[in-house]
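We just call them A, B and C in the order they show up, numbering each chain from 1.
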Amino acid sequence: MKKSLNEIAQHLGGRVSGDGEVLIGGLATLDDAGEGQLTFLANPKYAGKVATTRASGVLLPEGAEPHGRNAIFHANPYLAFAKLLTLFYVSAPAPAGVLPGAQVAEGVRMGADCTIHPGASVAPGVTLGNRVVLYPGVVLYPGVTLGDDVTLHANVSVRSGCRIGNRVTIHDGTVIGSDGFGYAPDGKNWYKIPQIGIVVIEDDVEIGSNTVIDRAALEVTRIRRGTKIDNLVQIAHNCIIGEDCMIVSQVGISGSTQVGNHVIMGGQVGVAGHLKIGDNVMLGAKSGVPGNVAPNQTVSGTPCIPHREWLKASGVFPKLPEMKKNLSTLEKRVAELEALVARLVPAEPEA
Amino acid sequence: MKKSLNEIAQHLGGRVSGDGEVLIGGLATLDDAGEGQLTFLANPKYAGKVATTRASGVLLPEGAEPHGRNAIFHANPYLAFAKLLTLFYVSAPAPAGVLPGAQVAEGVRMGADCTIHPGASVAPGVTLGNRVVLYPGVVLYPGVTLGDDVTLHANVSVRSGCRIGNRVTIHDGTVIGSDGFGYAPDGKNWYKIPQIGIVVIEDDVEIGSNTVIDRAALEVTRIRRGTKIDNLVQIAHNCIIGEDCMIVSQVGISGSTQVGNHVIMGGQVGVAGHLKIGDNVMLGAKSGVPGNVAPNQTVSGTPCIPHREWLKASGVFPKLPEMKKNLSTLEKRVAELEALVARLVPAEPEA
Amino acid sequence: MKKSLNEIAQHLGGRVSGDGEVLIGGLATLDDAGEGQLTFLANPKYAGKVATTRASGVLLPEGAEPHGRNAIFHANPYLAFAKLLTLFYVSAPAPAGVLPGAQVAEGVRMGADCTIHPGASVAPGVTLGNRVVLYPGVVLYPGVTLGDDVTLHANVSVRSGCRIGNRVTIHDGTVIGSDGFGYAPDGKNWYKIPQIGIVVIEDDVEIGSNTVIDRAALEVTRIRRGTKIDNLVQIAHNCIIGEDCMIVSQVGISGSTQVGNHVIMGGQVGVAGHLKIGDNVMLGAKSGVPGNVAPNQTVSGTPCIPHREWLKASGVFPKLPEMKKNLSTLEKRVAELEALVARLVPAEPEA
């Protein structure tokens, strides 16, 4: 596919500077782009590379210096570039139906234009929307429901009764709806608490690889619309994760915690159970969250504290041995002073 | 299935208050329960909801106020409720034998009433007990042995020669017996140390999803009877995990570490290698354990210290910048005092 | 297979002491070895066990006391033992071709002596080298290339276009080339940035179970020759990991970070994105790395600092409450001194 710079600018809602008729057939970074390719400048620190890139066109932020290149000026070149990547490179594979080697139980309801790859396994009572793609090794347990335009990559499993909305993509090896980790001590052993709830994944959610989202004990573990979850994340039973959250790799969220909307969690964060994390909260990478976090806070550390306080305290931490020594020295100096001063002060008469 | 409150009380060993003939057909939480359902009160802070729940019956701790509801009094309502969940909702699926699309090698020994789902793969030399269920994508390598009543969920793999006891459940995507991470420097590269041991999982163990338990270098990595392991946990080669432990999600235990009985590890704990963790130890979430831990200790932090000390020190941590400033101010005040006092003290004669 | 101590010594390049004709049929630890087995002493703290082991031969470091045992002296007994394990226990399974139940697309190019197990799935456009082994549940997406002597264990998936070199082993459930975690805010939602790059795994790499290595946004996520990666590790898009690194379990490395050669990362380390980690760096277990690390450094903690400083500061951390109290007490003592001294110093005339 080739498109002129003018066509691309129109698609993006940008303004062309230079030759708008130049044809673009692909996209690349400032360093790697060549003849016939479009690149972009997002970080001002690389502005100098605009002069030297071999690209045939550059997406630039308003006000940037084009260095005589054919350019499209755009308010958000990074977002614009992402939209071009979609335009140039993303297309749904042609639907292929149920391929030989796929195991689809009798009575499964399936929408139009689905592709079920060899080695995928669909149990009785499953409902699939339109344009569902199941890669090899996907396992859908009985009663699972998938919406339209759902793609489940290799070896994803979805346990019985769980429901997945529209336009959801789940990457390889992720598990939706395995049992929550619930046991009651019976005085001698751990008695398993049956996990009879489900998981509901709402529309426009994307989930990375080898992540696990456990089914609720009684009700629903829910991932709300638009939230993005990275690889190797643990979301325990009965959690409710809000809309448009970003949960980075290796985060763990304990049972029954409720996360607001637009919450961002850095990598390897751990959140205790039965908490409320407010809207727009940001949890710094590796932080450990033992209590509720009010909306609009940025916190870090274990136990987490306001991010700026954490940065300052962490900066002092390496000086602890010196502080301890100085404190001890100071105690001696004060004791000596006290002795000296005691000798200088006239004795008070006894009571 | 419906049962009267009297029948249920008899099953649990509890005492009925109110109408014992009311019929119960299901279970739900205080908030969600309705007509014909039984609920329970475990946390005294929700005692007020007993008055307003729409449930037809309530499981109450001895001494609680029934607010005129039909109730069963029980010493441990949470455990009792779990047992009722099992009674009402848990039943083994009817055994279905080797289903079409399952790959079972010749000569595999299989007990009675097994179910091998399509897409499961059983290698030569495997032995399966009675009532084993293998979901799609389960892979048993040669020589694996499973006991009775073992359920392996989708895409679990068990590597060659590993042995799993009775009444063991393993959730989706978990790997038992992959190679331990062992290499010796040969002066230039890393030389792989063959991992020729196995993993033994004893009776009544349950393991979550996408967890990994590596085979021993030479001998056995062992998970003892009754231990429960959550999702995304790493247990390295040659570890011995004791009986009735609880190992929460994303814990990592390094090689050759021996964990006692009834040990509880919170989420994201990391334990170094070649250690001994005593019986009844509790490791706080996210703690890092660099050395042995004596029995009956509760520790937290990295490196871990007694939990109460950690709580106190963590509480002071945010005040580090202020402490540093105060210490510095105090040093100046003491220096000024010293100068002042030096002027006040008569000069000593020189030696 | 049995070999005499003399033959073994010749294979290893070691020197025999005692009876060189004794026959060895297997290997075991000092504690477990018996008649006909060879054991080894690597850690001097177990030197006493050489006298009591029931092994027929012992691999000893130069200068160790053989206690009258048949021994092979070697400069590096641990490495020598590993080489013997390989000699005695490691043999490639006989190649079996494409087994019934394997799904191999038409036109797939396959080298000599491959084994494709039942339930493995190979898409169109895949190229396999010689002696490739694909266990059940392995999924190769279109256009994947594997070199010679590649073994992919159960349920590994490799996404489209990714390239894997020679002598690479990947353990169960690991995912190579799923989408990097990239979204741009479009003012309202998260807009997915298509991930159109690939992953390249170079020669002699080994990767554990349930690890995830994401494909690059535009170019290549690369694991260089000889690097070893443990279980449950996250390597994000566009990372470059150098040669002969050791990356222990549950490490997470954020996007676009470049790691040098011979870097060692302990368990549960987290590294932020867009960083450079120099050659020969060691990152202590659980450390959090927010910035570049110069070559040859050993660092620990979050945020990481030089390891020795971290050890010292961590040792003081539990004393924080005491330090705070002492500082407060000292402030009071200084204030009292100041008051006392003020009374002793003659008033200065006012300006």
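Keep this in mind: contacts are C-beta pairs under 8 Å (C-beta built on N, C-alpha and C of every residue); 3 or more make two chains touch, one makes a residue touch a chain.
Chain by chain, the UniProt names read as follows: A, B, C = UDP-3-O-acylglucosamine N-acyltransferase.
Worth saying up front: this structure is predicted, and the values here are computed from it rather than measured.
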In graph terms, with chains as vertices and touches as edges, which category applies: line, ring, star, complete, or other?
complete
For the copies chain A and chain B, give the interface type as same if over half of its residue numbers appear on both sides, and as different if under half do.
different
Go ahead and note the Å separation of the Cα centroids belonging to chain A and chain B.
25
Touching at least 2 other chains, the residues of chain C are 119, 137, 155, 173, 210, 232, 250, 268, 317, 319-320, 323, 327, 330, 334, 337, 341, 344
Contact set on chain A toward chain C in their complex
27-29, 32, 76, 78-79, 82-83, 85-86, 89-90, 101, 117-119, 135-137, 153-155, 169, 171-173, 204, 206, 208-210, 226, 228, 230-232, 244, 246, 248-250, 267-268, 285-286, 314, 317-321, 323-324, 327, 330-331, 334, 337-338, 341, 344-345
List of chain A residues in touch with chain B within their complex
103, 119, 121, 137, 139, 141, 155, 157, 159, 173, 175, 178-179, 181-186, 189-194, 196, 210-212, 214, 218-219, 232, 234, 236, 250, 252, 254, 268, 270, 272, 288, 290, 301-303, 305, 309-310, 312-313, 315-317, 319-320, 323, 326-327, 330, 333-334, 337, 340-341, 344
